[in-house]
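Below you'll find the structures, each written out as structure tokens.
Two complexes follow with chain A in common, the first pairing it with chain B and the second with chain C.
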Partner chain A sequence: MIQAIPNAPAVELIGVSKRYGLATVIDNVSLTIPRGTTLGLIGPNGAGKSTTIRMLMGILAPTVGRVRVLGIDVATDAVQIRRRIGYVPERHDIYPWMTLGEVIGFTRPFYETWDDSFCREMIDLFELDLRKKVKQLSKGMLVKLGLLLAVSHRPELLILDEPTTGLDPIVHEDFLDGVLRSICDGHCTVLFSSHNLGDIGRLADSVCILRQGRIMVQRGIEDLLASAKRVRAVLTDGHLPRWVPERTLWQQVQRREWLLTIDGFSPDVAEQIKAENPVESIEVFDLSLADLFRDYILGERAHR
Partner chain B sequence: MKKMWQLLWKDYRLNRGLMVLGVLGLIGVYLVGLATETTYTWPALPGSKVWADAILSYGHMALGVMPFIAALLGGNAIACERADRSAHFLAYLPPTKAQILSSKFIVIACALGILGSGNLLMIYVIAPLLSPDSENFLYMLGSPSAALAGCILTLGIGWLGSAYFEKPTIPVLAALTSPVVLSFGLFALAAVCGISKFEVAEWSGSVAFSIGIAAFFLGTWNYFHRVEP
Partner chain C sequence: MTQRIEPDSHVPVYLQIVERLRSAIAAGVYQPGEALPSLRALATHLKVNPNTVQRAYEELDRQGLVKSHRGVGMFVARRGAQSARDRAEDSAQTALVQAVTAAAAAGLSTSRIRELFEASLDQVFVAEGGRP
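Let's turn to the complex of A and B:
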């Protein structure tokens, strides 16, 4: 019996890399998710989000590094971990010939902590017909079933891998409602991978941006949004910027308009931009998470 | 215990079609045999001795069908869940690989056991009841030990292929052809080494048995050591 480390973070990736031949999909990633928090994992397609999640689930072995979930090394006891986590994949591969009732009946005995009343509550919330076969379900219903199966045993860690892709707005709302219930009712840690930054902003405490297998940033969302600002400077005619602040994430010059996204912005930075560059005026704007994500990715791309 | 029952139920449902096919295959052999015998005496029905001889003879022929049923079940065992990706769903749930594999093996073993027992019941109980001096006029076909060796060979090869491949087609084909390949291989070896064909035929059952068992354990080993579903 493998002993879990008490009070360990919900998720710990330590120097994890995953290579397929010469291709490096995950490159020396270290990530920690404290218990009881919600982390949004975002990144462009092919960033390595699903690979990271599959390593957490123990169905993909890292080439290098260690993966610990709920204090247990995934390589030594993935089964014990799976008893305590819930997982909603992007693609649902539930036995198509089973009815919903059969799927629930099949899944239930595998979890000692299965909560029948919560399961019933979710069935009612999602208006699921237990007599229907899985193959007859729409994409939205399938996602709802996936969430029901993932949360009915009251997991300590809930992993959502781009679950809302392609859902209509109503089902999308129902799904988020279900996730919120499972978060609010217990002390669940959530890892939420999504392209929908609105969902991340709504659910997550912190965000991790992944690009080409590397972590670009992992911070609290409020901290990140408070720290990063968009600056719009108007340059004097015929001049280009001479000095760029150190923590500029992204910049663009179009005619006289100079746009910058700066992390760790303060009024002093604005004063210094004015002092060091030929600018006529400066305006500062707050950014949305979507803007910030875009600027991180575009800025990184420009640096390469 | 409840989770083992759920896995057994799931594996029974996954293999139900093949089991029905197996039953129909066995019944088909008997029906063809009985229909053939009936045509000789038509419009009169055959006597109990003829029925007994037919059951005994076609029962032995049906034993020869058993390895093919084992091939279907073995080749389908693991790969069928990879083909429709339901293996991924199962991989996210907490049953151990030992539980998953035991359930598959128990269902296949029970299915083959029931079908084989039914066949042996026809040969060793029903036929002698109809006529104590019944004879196998298709004497060259099948014997329980050869059928058992054949079943173990095809089940083992199918199981091994199923543990490696993503779809059951290749494992099933490999398992179905394995008795033929083994026979040709052994006779070719006999020709090269100058051994008599009868001698080869004598120990071909042991070779089939050994290869089947080895393939089964190799497939099981691969399943346990594979990280991906």
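Let's turn to the complex of A and C:
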């Protein structure tokens, strides 16, 4: 029996890198998810989201660094961890010849904490027909079944890998409902990767933006929206910007218009832009998560 | 309370919830002494994380609109409706100041801005058979 650290964060990655030959897929990532919170993992395709998740699941081993889940080192006891977490993969491999009732009956004995009444609640919420065979299910129904199987044992940590990709709006809403019931009823921690920033805004307390295997930012969403602002300055004819604030994520000059996205913005920063540059006027705008995501990704590309 | 939450707005989700509940309290949907919905109920209804609803309730508490009774829930404060209306006045004024600033920046005269304001009042209240 391996001793777990009590009250440890639900997830801890410490200096984790993953290399395949010369290719670095994850580059020195450190990430902590406190218990009872929900983290949204976002990034372009190939940024390392699925690799990160598969290292948490013990499916992949890191080349360097430590991965701890619920206070337990994944390298030492992945089996114990698997019993206490729920996982919804991007692609489901549930036995196609079984009926839904059989799949549930087959999965249940693996978990001491299986909650029949919660399982029933999910069956009703998702309107699943237990007599149907898995191979007869639509994509939406299959995704719902996957979530049901991942949450019915009341996991301490729920991991979702791009779960809502390709769902119709009604199934999508049912799915969010299912995830929320799992969050509301226990003290469940959730990690989910998604391209859907609306889902991130609804479900996540904090967000982690990955790009090319590195973390661009990990922060509470409210904090991020309060701190990062877009500035539009009108340049004096025939002049270019001279001074750019230190925490500029992205900028663009087009004719007289100079646009900047600045993290850690304050009125002092605006004053300094005015004092140090040939600008006629300055306006400050709030940004949405989608704007910020774009600026973090595009801004980094521009620096290369 | 039919207006949907915009999860990808520049306004944080918790502030959208604060605004919604503030206007519901001002309008008397929830009266002083009455309980607000539980975290779970409101979170699943709006399809948002319960931590976000909690954050909105804390903000309403800070603004004096609601009082929390530990273990029981959130209740509209005695002067909750009045505070909610005061807050509404504040945010209306902020919005008007913003609009006037933009109009002035575009070179409109004071008298032209006043005309536009009067026209807006007429436009909004025409459906209700003239201004109150």
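The working rule: the second predicted complex is superposed on the first by the 304 of 304 C-alpha atoms of A that agree within 3 Å, B and C clash if a C-alpha of one lies under 4 Å from a C-alpha of the other, contacts with A are read in each partner's own complex, and residues count from 1 in each chain.
What we mean here is this: contacts are C-beta pairs under 8 Å (C-beta built on N, C-alpha and C of every residue); 3 or more make two chains touch, one makes a residue touch a chain.
What you see is a predicted model; the values in this text were computed from it and never measured.
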item	value
Simultaneous placement of chain C and chain B on chain A, clash or fit	fit
If touched residues of chain A are counted for chain B and for chain C, the larger one	C
Partner chain in contact with A:T38 - chain B first, chain C second, else both or neither	second
Touched partner set for A:D177, first chain B, second chain C, both or neither	second
Chain B versus chain C as contact partner of A:R202, first or second or both or neither	second
First, second, both or neither for A:R82, with chain B first and chain C second	first
First, second, both or neither for A:E222, with chain B first and chain C second	second
Chain B, chain C and vertex chain A (Cα centres) - angle in steps of 10°	140
Which superposed partner A:S288 touches (first chain B, second chain C, both, neither)	second
Least Cα gap, in Å, left between chain B and chain C after the two complexes are fitted on chain A	25
Chain C residues touching chain A - in the complex, by the definition given at the top	5, 7-14, 39-40, 43-44, 47-52, 55, 105
Residue numbers on chain A that touch chain B, as the complex places them	57-61, 79-80, 82-83, 87, 89, 91-98, 105-107, 109-111
In the complex, chain A residues that touch chain C	36-38, 173, 176-177, 180-181, 183-185, 197-205, 221-222, 225-226, 281, 285-291
Touch list for chain B against partner chain A, complex	2-3, 5-6, 9-10, 13, 84-89, 91-96, 227-229
